[in-house]
Structures are given as structure tokens and as C-alpha cells.
Amino acid sequence: MAKAETIKKRAPATTRRSPVGSSPGTLIADPAARRSELRLTLISPQKFKTIENASIDDLNTHCDKWPVIWLDCTGLANIPLIEEIGRIFSLHPLALEDVVNTGQRPKVDFFEDHAFVALTMIDDAASHRYEQIAVFFGRNFVITFQEREGDPFDPVRKRIESSMPNRLRERGADYLAYALIDAIVDSYFPPIDAASELVDHIEDEMLRSPQKHQMQQLHQLRRGTNVLKNVLWPLRDALATLIRSDVSYVRAETKVFLNDTLDHSLRLIELVETQRDMLTGLIEMHLSLSQARTNDVISYLTIVSVIFMPLTFLVGIWGMNFDPGSSPWNMPELKAYYGYPLSLLFMALVAFGLIAFFKWKKWL
Amino acid sequence: MAKAETIKKRAPATTRRSPVGSSPGTLIADPAARRSELRLTLISPQKFKTIENASIDDLNTHCDKWPVIWLDCTGLANIPLIEEIGRIFSLHPLALEDVVNTGQRPKVDFFEDHAFVALTMIDDAASHRYEQIAVFFGRNFVITFQEREGDPFDPVRKRIESSMPNRLRERGADYLAYALIDAIVDSYFPPIDAASELVDHIEDEMLRSPQKHQMQQLHQLRRGTNVLKNVLWPLRDALATLIRSDVSYVRAETKVFLNDTLDHSLRLIELVETQRDMLTGLIEMHLSLSQARTNDVISYLTIVSVIFMPLTFLVGIWGMNFDPGSSPWNMPELKAYYGYPLSLLFMALVAFGLIAFFKWKKWL
Amino acid sequence: MAKAETIKKRAPATTRRSPVGSSPGTLIADPAARRSELRLTLISPQKFKTIENASIDDLNTHCDKWPVIWLDCTGLANIPLIEEIGRIFSLHPLALEDVVNTGQRPKVDFFEDHAFVALTMIDDAASHRYEQIAVFFGRNFVITFQEREGDPFDPVRKRIESSMPNRLRERGADYLAYALIDAIVDSYFPPIDAASELVDHIEDEMLRSPQKHQMQQLHQLRRGTNVLKNVLWPLRDALATLIRSDVSYVRAETKVFLNDTLDHSLRLIELVETQRDMLTGLIEMHLSLSQARTNDVISYLTIVSVIFMPLTFLVGIWGMNFDPGSSPWNMPELKAYYGYPLSLLFMALVAFGLIAFFKWKKWL
Amino acid sequence: MAKAETIKKRAPATTRRSPVGSSPGTLIADPAARRSELRLTLISPQKFKTIENASIDDLNTHCDKWPVIWLDCTGLANIPLIEEIGRIFSLHPLALEDVVNTGQRPKVDFFEDHAFVALTMIDDAASHRYEQIAVFFGRNFVITFQEREGDPFDPVRKRIESSMPNRLRERGADYLAYALIDAIVDSYFPPIDAASELVDHIEDEMLRSPQKHQMQQLHQLRRGTNVLKNVLWPLRDALATLIRSDVSYVRAETKVFLNDTLDHSLRLIELVETQRDMLTGLIEMHLSLSQARTNDVISYLTIVSVIFMPLTFLVGIWGMNFDPGSSPWNMPELKAYYGYPLSLLFMALVAFGLIAFFKWKKWL
Amino acid sequence: MAKAETIKKRAPATTRRSPVGSSPGTLIADPAARRSELRLTLISPQKFKTIENASIDDLNTHCDKWPVIWLDCTGLANIPLIEEIGRIFSLHPLALEDVVNTGQRPKVDFFEDHAFVALTMIDDAASHRYEQIAVFFGRNFVITFQEREGDPFDPVRKRIESSMPNRLRERGADYLAYALIDAIVDSYFPPIDAASELVDHIEDEMLRSPQKHQMQQLHQLRRGTNVLKNVLWPLRDALATLIRSDVSYVRAETKVFLNDTLDHSLRLIELVETQRDMLTGLIEMHLSLSQARTNDVISYLTIVSVIFMPLTFLVGIWGMNFDPGSSPWNMPELKAYYGYPLSLLFMALVAFGLIAFFKWKKWL
């Protein structure tokens, strides 16, 4: 349950906002933001170069000398640095504000010579913590801003560093941006599959014996799918917007690939919707299993009560103190020779009769 | 619960209407309306001037001498004053009627040289009281009508009064109108976050022990989210209409900022929808927890009944008055040397046997 | 409940239809229709004249001599009269058929020189009886057909008769038609407000003590909102159609006012949807309150049973007839000096122990 | 219940299909199909002629000599005959396949010189059996294919045979087709009205005393409305397609009339949706009434238990056999002069005290 | 239940995916994929030829010599073979990736000279296992990729091999592709019909006696319909896309036939939706039947308790040991001449009185 608890605590209302009424476009760091670190990757069809812990100087030096550069900024605490990057690449102030105020809905904004894509990724599969990844890309640059270290970009980096000639180096910045977005979208599959397995596990356990804590787990999981749904729908819309766009820095060849990513996002939505339906069905079934169990218990109580109540009444009869001496009518059976065994026999008959009746009624 | 109670009492059916069939465009004051007070803010890129408790004369004096003027009217009781303002700025009579008949759905109407934006804000976060704010803006003026004192405009005022050169003074009336609308939209976040925390609190309490009053609180909160949803959807539509408009007094630069406000309204809708889903889930879980509790109680009753009923029957047997003197068959055990301890032992065995049975059945 | 009962009985399946397969456009009077009466109002900007119980002759005399004439026909039994009116104003036969076959969905049909608007109004606020009002209007005439006397047009009549110059006399037939339609739409507000108050009343009562009859009232009210919703949605569509139309006899100035009426209809739909949500919530809450009550009762039963069953068992023990004379093992406590008070004390201890256990378990 | 049973058994999955993979356009008779019979109606504005049991020869003889001919084929067993008709009128093979494979969704297909309209009608109001009616019409012919005798066309036939000049004879084949389609659509009203009355009847019965069989009836009726909804929505779509079409053989005058039929289909959908809502509400109410009844029974059990358990305990006390001879502490009350009446009085006081407690708790 | 179990285990989250971040268009075989086998069918209007276990050489030999060739590849393990086929027919790499990564949503992608249709079919009716079938078709070829042997294409093969001249051989590759797609769509009908019969069977059983396992079966079946719905909706969309396309290799004549297939897919969706509604209704009914049963049991318990509790109290009274010798007030009835029979009679009267009371209350 620790996991489910985390979903809840993190959950939805966590968009960071500039103070109400502050001038739009003003960057104010989240107090919890991490220290910013830059990693610069310079790419040409023939070669590539990676500068870890790059500085603004590195950026200025290499900026226009390579066909494609990818600047990856991890941690959003260093506002002057971010503003400087914005100045170098002429990024729009409102977009930069969305970078710093994390927790945005996934979206795409197009500016004159660059696009801004805000995405959400599951940062930590174990605790369902979400992280915002902002991607800017223009004709010859891609800039990514992440909240924390740890991203799904390692396979992309490996492909760039691969010794074979490859599309990632040959094609332009838009193809690199696509590859990064695709990696983010695909990173949703493993946690959803894991949740799916957890649901299967709870179901099996529940069918064996329905427990109260399962109900809570199912509710927490359903809440998790609600949060996911709220992230995936705008993600899908953002991808569709990207494909429909007619800006010059997104080429038609790249759109074919983005279409594939859109297909993946549709598949993700379908998985989440199906999981949600399953969870709703399981919650209903849990209720009906509990109900069935209560019915069993009540039936059991009823059967025992209905058998022993008449018997107790009968023994009470023969426990009465009517004085047989005052009248021959008064409890003559108490003096009968076979009185006691016959009365026991009679009670046994009543009990078996009732049991037979219940069997016939199919209650036993 | 006081808070929830207030939501209910205020709730939805509170549009003020002109008497059925009255001539449209006739202004009739709400008997409960507050005394009107004007505050005139005169703005130019270089300087600004604020006149508290302004009069119509002040208005006429300054009207055309400043690039942008902002007239803020608090309280809607003074109909002649409002009509006079309408005349000075040529505001449309139907729009003025909507100003006075508070409780309109959020909407935008475009007229030849000005737009009318009706908005709703949460007037008092503690009691969820709603208040209508009407915003008129043209090429060089912004007029706001509020029902009561207290508004989310203070940060905007501070930015106007700021000593640094700033966009709010440099850009025209449409940007000022945007800033005011943005402040209203952003003022929804704090109460929604507060409600979210209350929901979390109720959930924790409920998981510890489900109480009847929690159910009522959850229902009241869900009703509150329904009301919010009914306010936020038309708000979103109004903002989208403003962005799609092609009137000359809303400039493209301002639309970029309005787009940001639209994003915020979408985020608000998402928050409210998520909260609603959570509340529905919690209501279901409350039901199932109560159900589980009843099951526990019934099981407990059943176990105790099923143990003591046979025992009571047994003691009843040996309490019968069959006369052992009349026949050797009549209750010979009563005279047995170890009769009493053996009978107690037998009853103990029955009791432990049943308890073992329940353990095996997993009912204990 | 009498009221709710009426909603049900009147309810939905009450469109009158021509006999299956009859030639379309054939007028056949509803046997229950009232006697037709005409009232002719002649309007010019300077003056007006009203003829009660007008005849076809009156109509022919005045028809073309006034800028605007309004013919109001109450009661639909007199088919030849209605056909004659149709002939004079060249009304379309299918539209006339819809006038006579009451219970149509609200709709607008445009013909070459006149429009036909079928509307539904709440005829009697107390019994929720609906009535169809048909409005025809062309360039210089408005014709209204009502099922029964009693309409929401009195304020319109007063404004026509007003001594001051007014728009209703100055503007053309389309503005008069708008005023009548607006009066019909606004007449929905009072009954909806009344229903809203009834819901509040039931809620308060229910929270004090949930009763079976409240459930039935809530269901009847929800059914009422369903019927209303079915009327209001096509009403909204009809108004939107009217505003979008580009026929010459609906002028742009009038459309601005119709837009206001459309806003009212949207507000009505919102009120009804909110009411419906509230009713659904209350029905759920009623169920959960009843459930909670059953739980209370069962807990009470359980507590009493669990306390008295062991006690009754104990008194049964000491009521057994084992013969203390046969053996020193047989019920020696019966002869003990403090046997009786000690046994009572023991039973008291058992009882208090159980009560303490329940307190600890929070069941008491 | 017999009726409801029939709905179920007939229910939805009954589209006849050609064997999987058979060549499209191949006609294969349904083994259960009836013997085909033709009825030829020849129509001109001045006169008309009807040939019962017409043959293909009759068809060839009269085919081109009358302005409009209506061929009505009842029973679909005679595949060669149907193929011959298809050849004479050049009907499309896929459309003919849909004629024979009954159970199609209502739809319209347009071909070069004729349209194909597949409709569903309620064949037998008592058992809710559906029947497919296929209507082909071109410039001068209408062909109808029915599964069984019995159709809603009698009024149309009467109007054709009417001695007065009438539109059905004057206007072309499209108007005749409209009249037939309109008759089919209108034939839905009586069974829906009947179902509505049945629902009212069940509701009244249920409010008097909720029974298990009512629940089943309500479920069966709701299933019936589901089936109807699935028929009526495509019917509406088919009519809308017919009105939007721009083929030469559907004239604008006829479309005005088809619009009227579309209105009827919308009204039907509304009726069915309302009925469905009512049924869902009644099912919920039935559940809550049953629940209320259980609550009553449990309360009754509780009250009786709670009164008699303490009393039985008390009589048990004075039934104990403590020996008053061994000690003055042992049950001295048994020898008290008023012991017995006082003990009875005490028990009566306990009972009345409990009853008073229940009255105060409002449980009685 | 074995079957239902299988639905669950297979269920939805089974899209195979390339490793996260791998270069798009890279083919990586599923480890569970079957060995690939090719079957080449060469078709001309006059003749045809089938080559089982065809090789790439066969393909190269015959490729351009026949008007239409159909290459059917079963098993997806042989990646080089699939890549070779892609090269020969210039298939798009992303489409080939979707062939290998089975579990795609049904969809259509158009490329310059061929279309790619991904479809899902129910592979094994008994265990509801799904299988992806990919169809490529261009001007003169159709290529199908299947996961396993066993397909619904046998009737198509028979029609190709038929000795009579037939459309499948005369028309081009698009008609063959249509025939294959149609066969796949039609193969959904039998399992859905089977599920429908199972539902009917469960319903009958349930109405006789509601059992816990039926609830589970109903839930599993509903889950199955959810999965089907998720497959059929994109199938419908894919067919509609195919019909709306304006690529040269899909001819208008073929679109008429595809429209027929679209109708079938709509019918399938309708069947599944109706089945889902039925299942939801049955689940609700099951709950209410269980509820009714609990009510019966509780009523029975109540009746027996309420009858025997007073009787047991009465026998307890006369079992008390008040000493009649100490006082004439002490239990004088014990010495009465008819005391015992009168007391029995009194108890019988109490019992019958209570039974009469229950009859009157309609509880018996």
C-alpha cells in the first residue's frame, strides 16, 4: 500500500504557479528545484561530441558550428542560467515560465523559429512520481529541461554515439526532437504493464478471499489511472498538433515518424481506459463478493438460531415447575417411564426435520 | 460542516433576473446590492494617477486625456450612475443589464468598439460565495463592475504602481483587461487546493473509522465541484471566444497571453474533474467500508450466537424436571458421581470445537 | 406527493399524432381541445388597438392596414377557423398540422415569407402540466396558437399598451415575436426555482431522519427534471437555429436580443442539469443514510445479544438439577454460603467486561 | 412475463448473414423465409389498378405504361423471382443481398437511378418481433420487400384507392416511397405507448408492495428499450441521409415531408430514451424499497430480541437452584411474601422501559 | 470458467514493442514468434497457380508475370525473409515494424504505391486468443502476414480456385484485399454469437438460483466485451479511412464492397454494445436477486425468533423457583388443577397470534 499512498499524496493539484498577479514571463525558481547542470551534445552526420557540465561559454563557442546541437539542462534552480539560454536561442518568455513552473499540462506552442513541447513523464516507476520535461527545438537545436536526473534518453544517446552511420545524426533537429519525444512516450509502457500485473494479482487474491484492504488498493489504483488519463489525453493532443503543424522546422519525413508516436499514445490511452474499466469491474465484484459473504454468515446464523430456538423452548417446557401433585393434568410426562429418552428423541427429530427442510430449501 | 452548508445554501439557482416580460435593457437594482463606489486609475507609460471615490465629473475630466483609463465600480445599487457610465462609454444596454442582473454564466460579447466579459469569481474562499465581475474594455478604457469590495486585483494595482517601467503601463487597454481576467482566473486555484486538502483529510479520517458525517461532507464537496464545473466550462469558452475574435481592439500580442490564461482555465477544469472523480471514488469507498463494518458486526453476532445457543440448550436439558424416581431412564446423569464436572467439560468442548471451526472457516 | 404523481401521469408519451397513415397536412382536432377564441392586437408606433373575441372578418378588415398585427388564438378545437387563418396568412399545411397535433418537440421551420416556432411552456406551475405554444411570424404579423387560456404574455401586453413610446411598438413583427418567445422561456424560471426549494426542503428533512417517502419524492423530482431536459435542449436548438437563420424577416438587431434569450435557455439547462446532479446525489445519500441506520440497528442488536447470551447461559448452569446429594462434585456452589451473591457479582462482571470491550472496539 | 421473455429470446444477434466468405451479391434464401407473393399497384393521377398475386409477366406488361408502379413482395423464399425483379429494375446486387439477409441496420444506399432503404418495423406488437422492410424507389417505381404478411401500409393503400384526387396519385414515386416510410416510422408509436403504460402499471404495483418478479420485468423492459434504441438511431440517420441527398429522383417537395418523418423519428428516440431513464430510476427505486423492507424486518427483530433477552435472563435468575437453606444470602427473594408479583412487575417495568426507549429513539 | 480465465490472462496489455529507444524501423523478432512459411498464389482472370512453401526465388520469378499475386506469410520469426519481402515490394519500414510488433490497434496507412492495413482477428474462438493480420496491397499484389496458421481465408481460396469465372480473379488486387478483409471482419460473428448464447444460458441459470460463480462469469464476459469493443472501434475507423481514401490503387467499384464490410463492422459494434448493456443489466439483477435472497433469509430468522422468544420467556416464568409455601401470592398457578394445559394453550395462542400478525403484515 505504500505505493498507492504515494500516488495519492503526490497527486493532481501540483502545478507550480507564479504568485497570483505576478507579471507574466517572470521566472521564479521553485524552492525545491535542483541545481542546474548542462550537457551539450554536438552532432553532425560524420561525428559527434559530448560536453558534460557545459557552461554558457561552451554554448557560445559551439552554437553555430555544428548542424545540430542538443542542450540538456537537468535541474531548474539556476534561473539566470535558464534566462541566458533563453536569450541565446531567443526562446519565448511565456514558454520559459512554463519550464520553471513545472506541472503544466502536456502541450505544444509554436513560435516563429522554434516550437515548445511540454511533456510529462513518470519519473520514478516505483512511486509514480511525475516529472515535467520541456523540449524546445528549432532548425538546428534541441533543448531539453528536466526537473531531476534520470531520463529515458539513454537509448537515444547510445544511438547518437553509435559508430554506424545513422538517421539520428543524418537527419536534422526535428528528427532528434522526435526521437526524444518518442522515448518519453514509450517510457509510459513499463509502469502501466506493472500496474496491470498488480491488478491481476489483486484479482486472484480477491477471488480466493475478499479483504477490506483490497478495496482500498483498487480505489488507489483507479485514482492512479485517472491521473494517467489526465496526462495522456493532452499528450495525444500535443502530438496531433505537432503533426498538423505547417511550420518550416518540422519536416514531412519527421511527421511520418511522429504519427507512429501518436499511435503509441493512442495505444497507451486504450490501455489505461481498459485498466480503468477493469478496476471499476473489480470494485463492483469486490462489493458483490463481500455481500455474498455476509449472506453466507447470515444464513449460517439463521440456520443455527432456527434449530436451537425451538429446542431451547422445549427443554424450557419440561423445566417448568408445575406441581404434578396438585393435578393429574400437571406435567404427567415427567413421571412417564420413557419420558426423558422420548423427549430427547423428539428434540432430535425436530432438529433433523429442520435440517432436512433447509437442505430442501437449498440453504445448506 | 458549516462551510459545506454554505455551498448548498448559496448554490446554483441564483441568477438575478429582470421581472418576467420587462423591457430588455431596463436596469433594475437588486434590493441586496451594495452602494456603488468608483475608483479611477489613469495610466500612461510614464506615469499613473489613482482617484478614489471618483465622481462622474472626474470621469468626464480625464476620460480622453490618458492613453488608458481603468474605472472600477464596486457595488451595483446606484443605477443612475451605472447608466451614466454606460452613456459616457457607449456601452450596450443588454450588457449593462447583465451587469446588474448578477449570476450570469461567464461569457464574452463583442460590440462595435468594446467587448463585454462577464466572469464569476469565488468571492470568499471560506464560504464559497460567488461574485460576478463584469469587465468592459475598448481601445483606451477598461471598466470593471464588482458586486462587493474585495477582489483579486491588488497584484495588478501594485504592478501598475511599480516604479519600474512595465508592460501593464506600456501596452494598451486590452493588455490591462487580460491582466485583470488572468488575476480572476488564477484566484480559483487557492480555494480548489484547499478543497483538495480537505478531501485528503476526510479520506485519512475515513480510512481510520468511517463515520456518517463524512458521507455528508463528501456529498457537499461533490456538489461544490459540480457548481465549480458549471462556472469553469463557460469561463473556458469565453476565453476561447476572446482568443478567436478578430476585433481590432484585441491585439495579437495580447492573445498570446490570453492563451496562457486559457491554459490555466483548462488546468482548473482538470483539477475540478479529478477532484470530482476522487470524491465519487471516496463516496463509493465509504459505502464499502460501512458495508464491511456491518459485515464485521454481523459476523461477531453470529459467532457469539452460534456458540451460546447450543450451550444454553444443553444447560436447559439438565434443568428439566423429569422425575428420576419414576424410572431409571429418567435423567440418570443427574445422579452420576462426576455428572456435573463432566457436563461442564462437555460444554467447554462444544464451545472450543465451534471456535476451532470458525478459525478454520477464517471467520475469526 | 400529489404533485409528483401528476408529473408522472402527464409525462412524456403525449405527442398527439394524426392517425397512422393519414394524409400529411390534414388537420384533425384533438377531442380534448378547447373552443377557439381569437384576440387581435393591432400595433403601430403611435397607437394600438385590441379586439377581443375577434372574428375572421375583423382579421380581413385590419390585416394590411397596420404595420404589425398580432393574432392570438386560444383553444384548438375550431379546425375550420384555423384553416381559414392559415389561408389568409399562407401558412404551410405541415406547420398547421403541428399546431393542432400538440406535444411537438420545440423547433423552428422557415418558409418563404414566415417562420414557424413550436414551443412548450409549463402551463401550470403547480401540476407541471405542459402546453404547446405555436408562434408564426412574418414581415408584418405574429400569430400565436395556445392550447388553453393562461399564458406568460401579460407583461408583453402591458408593454404594448404602455403610454410611453417603446420598442415593442416601434420595431417590427420579429421583435414582437422575440418578446413573446422570451416571455415563454423566462416562464420556466419560477417552477424550476420552486423545485429547487423543494429539493432543499427534502434534503433538510432527510438529514434529520431518512424516510421511505423521501426516496419516492426524489425519484419523482428527478423524473421531472428528465422531462424538462428533453424540452429545454430542443428549445435551445430552436433558438440557435433562429439566430443562425438568414431569412429577410428576422433582422440582425432582433438577433442580438434573441441571443440574450439563448443565454437564458442555456442557463435553464444548466439549472436543470445541476438539479439533476443534486437529486442523484441525494438519492445516493438517502441510500447510504438508510444503510447507516440499518448498521446502527444491527450493532445495537448485536451488543444486547452478546451481553445477554452468556448471562442467560450462566443462569442456566445454576438452574440445572444435578443432585448434590449423590456426589460432592455435583454443584457444590449451590450450597456455598455466599454462592448466590457471588454468582450475581460474577455475572455483573461479565456484563461490564463486555461493555468495556465494546467501548474499546468503538462499537458503543 | 411471457412477453418480456420473448423480447429476450428474439433479441439482438439476429442478422442473417451469407456464409462467411461467400461471394458478395450471392442470394441465398433463409430456410425460414416465407413463400414470395407479389402485389402490383399501378398508379396514375386519374386512376389506379391493383393486381394481387401478380406474376413477372404482369410486371413486364405494365412496367413502363403507368407513371408510377408499386410492387410489393411479401415473403423472401423465392430467390429466382427476387433476382428477376432485380434484373427488370436493374437493382444493385449488394442491395438485393441485404434484402434477403434480413436483420440489417436501417440504412439508405444511393445508386445511379434508384435508392435502397432498409428499414426495421415492429412486426407484432404483442411479442415485439421485428421485421425488415426493404424499399427501393427510382423515378417511376417503388418496390417493397417484406418478410411476412401484415404491414402498416393499409392506410396508404386506402389513400391511393380514395375516390378524391390526392397527392399520393399525383406526385411521383418518391412521394409514395415517403408515404410508405412514414407509415413504417409511425407504426413504432403504439407499441412504445403500450410499453409506457406497462411501466406505469409496474410502478404502481411496486409502490404498493415491491416483489422480486417486478425487478425482472423492469430489466426485461429496459433490455427492450435498448434494442429499440439500436434500431431507431440508424433509422434517424437513414432519414437524415435521404434528406441531405442530392439525387435527381428525390425532389425538394418530398424532402419537406421527409423532414416531418425525421421529426417523428427524433420524437421516438426521445420517448425511448425517457422510458429508459424511467426504467433505470424504477430499478434503483425497487432496490431501495427492498432495502427499506429489510431494514423494517431487521428493526422488528432487534426490538423483540432486545425486549425479551433481558426478561429471559431475569426469569433464568429466579430459576436458579441456589439452596436458600444453606445461607440467608442464597436467593432470599424466593421466600419473600410479594416476591413473585414484584418480580413480574419488575419485568413489566423493564419491558415498558425498553419500549419507551425505542419510541424515543424513533425506532417504533 | 476456464474460458473466462483465459480472456483475462491474455487480455489487453499485450502490444509487443521494440525496446524503448531503439531506432524506428528496426525489425526485432518476438522470441515467441513462429517459423515463417510463404504461400504464393498467382492469379489471372483465366487461370491461377498456388505455390506452397514458396521461396524468395519463386517470388522473384513470378513477381511481374501475373496480373495479381497474393503472398501469404505465416509466422513472423524469420526477420531476414520479411525484410527481403519488404525490399522486393518496397514496403515502408515503419509498416514492417508494425507487422513484427504484433498487437497493434487496427489501422490503415497509405504509402505512395501501396496501403498497409493492420487488423486483429479472434484466432481461437474457444480461448478468445487474438492474432494480428497485416495486409499490404498495391496495384498488382496483396501480401498478408499472420502470426500463426489458421485463418478465415479458406472460403476466399476456394472462390479463387473455383472453376467458374469469378470476380476474385477478374478484378484487381484491391478487390482481393477487400475479400480478405471482409473474411476477417465476418469471422467475428461466430464467437460473438457464442458469447451471446452463453449469456442467455447464465441468465436462465441465475433466474433459477443466483450463485456466486455466475457473478464472476458475468464480470469476465463483460471484460471480454470491453476488449472486443477496443478492437472493433479502430477496425471501423480503419475501414472508413479506406473508403474515404483517394489513392489510385483503391478503385471506386471496390469501395462499394468495402462499404458493405463497414456496415458489418457497425453491426458488430452494435452487437457488442448490446451484449455489454445486457451484461451490466444482468450483473445488477444478480446483485438484486442476492439481496432478495438475503432478505428472505433474514425474514425467516426474524419470524422464528419473534415467535420463540416470547414462548421461551413464558416457560422461563413457570420455571422460576418462587416458594409457593411462603406466600399465597407466590406462583399460585403452579398448583392450579388445569395450570399446565392452560399454560400450553396460552403459549399456542401467542404463537398463532404472532403467525396471524405476520400473515397480515404479508411477511409470510
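Read from first to last, the chains carry the letters A, B, C, D and E; within each, the first residue is number 1.
We take it that a contact is a pair of C-beta atoms (placed from the backbone, for glycine too) under 8 Å apart; a residue touches a chain by one contact, two chains touch by 3 or more.
Fair warning: this is a prediction, and the values are worked out from it, not measured in the lab.
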Chain-contact steps, minimal, separating chain C from chain A: 2
Size of the rotation, in steps of 5 degrees, that lays the CA trace of chain B over chain E: 145
Computed distance of Cα centres, chain E from chain C, in Å: 41
Chain B and chain C, separation of their C-alpha mean positions in angstrom: 26
Sequence positions of chain C contacting 2 or more other chains: 291, 294, 298, 301, 305, 309, 312, 316, 319-321, 331
Topology of the chain contact graph, where touching chains are joined (line, ring, star, complete, other): ring
Residue ranges of chain B in contact with chain A within the complex: 152-156, 158-159, 166-168, 179, 182-183, 186-187, 189-190, 192-193, 196, 200, 203, 207, 256-257, 259-260, 263, 266-267, 270-271, 273-275, 277-278, 281-282, 284-285, 288-289, 291-292, 294-295, 298-299, 301-302, 305-306, 309-310, 312-313, 316-317, 319-323, 326-327, 329-331, 362-363
Residue ranges of chain A touching chain B (in the complex, touch as defined): 8-9, 11-13, 15, 17, 19-24, 94, 104-105, 107, 109, 209, 212, 215-216, 219, 222-223, 226-227, 230, 283, 286-287, 290-291, 293-294, 297-298, 300-301, 304-305, 308-309, 311-312, 315-316, 318-321, 324, 331, 334-341, 343-344
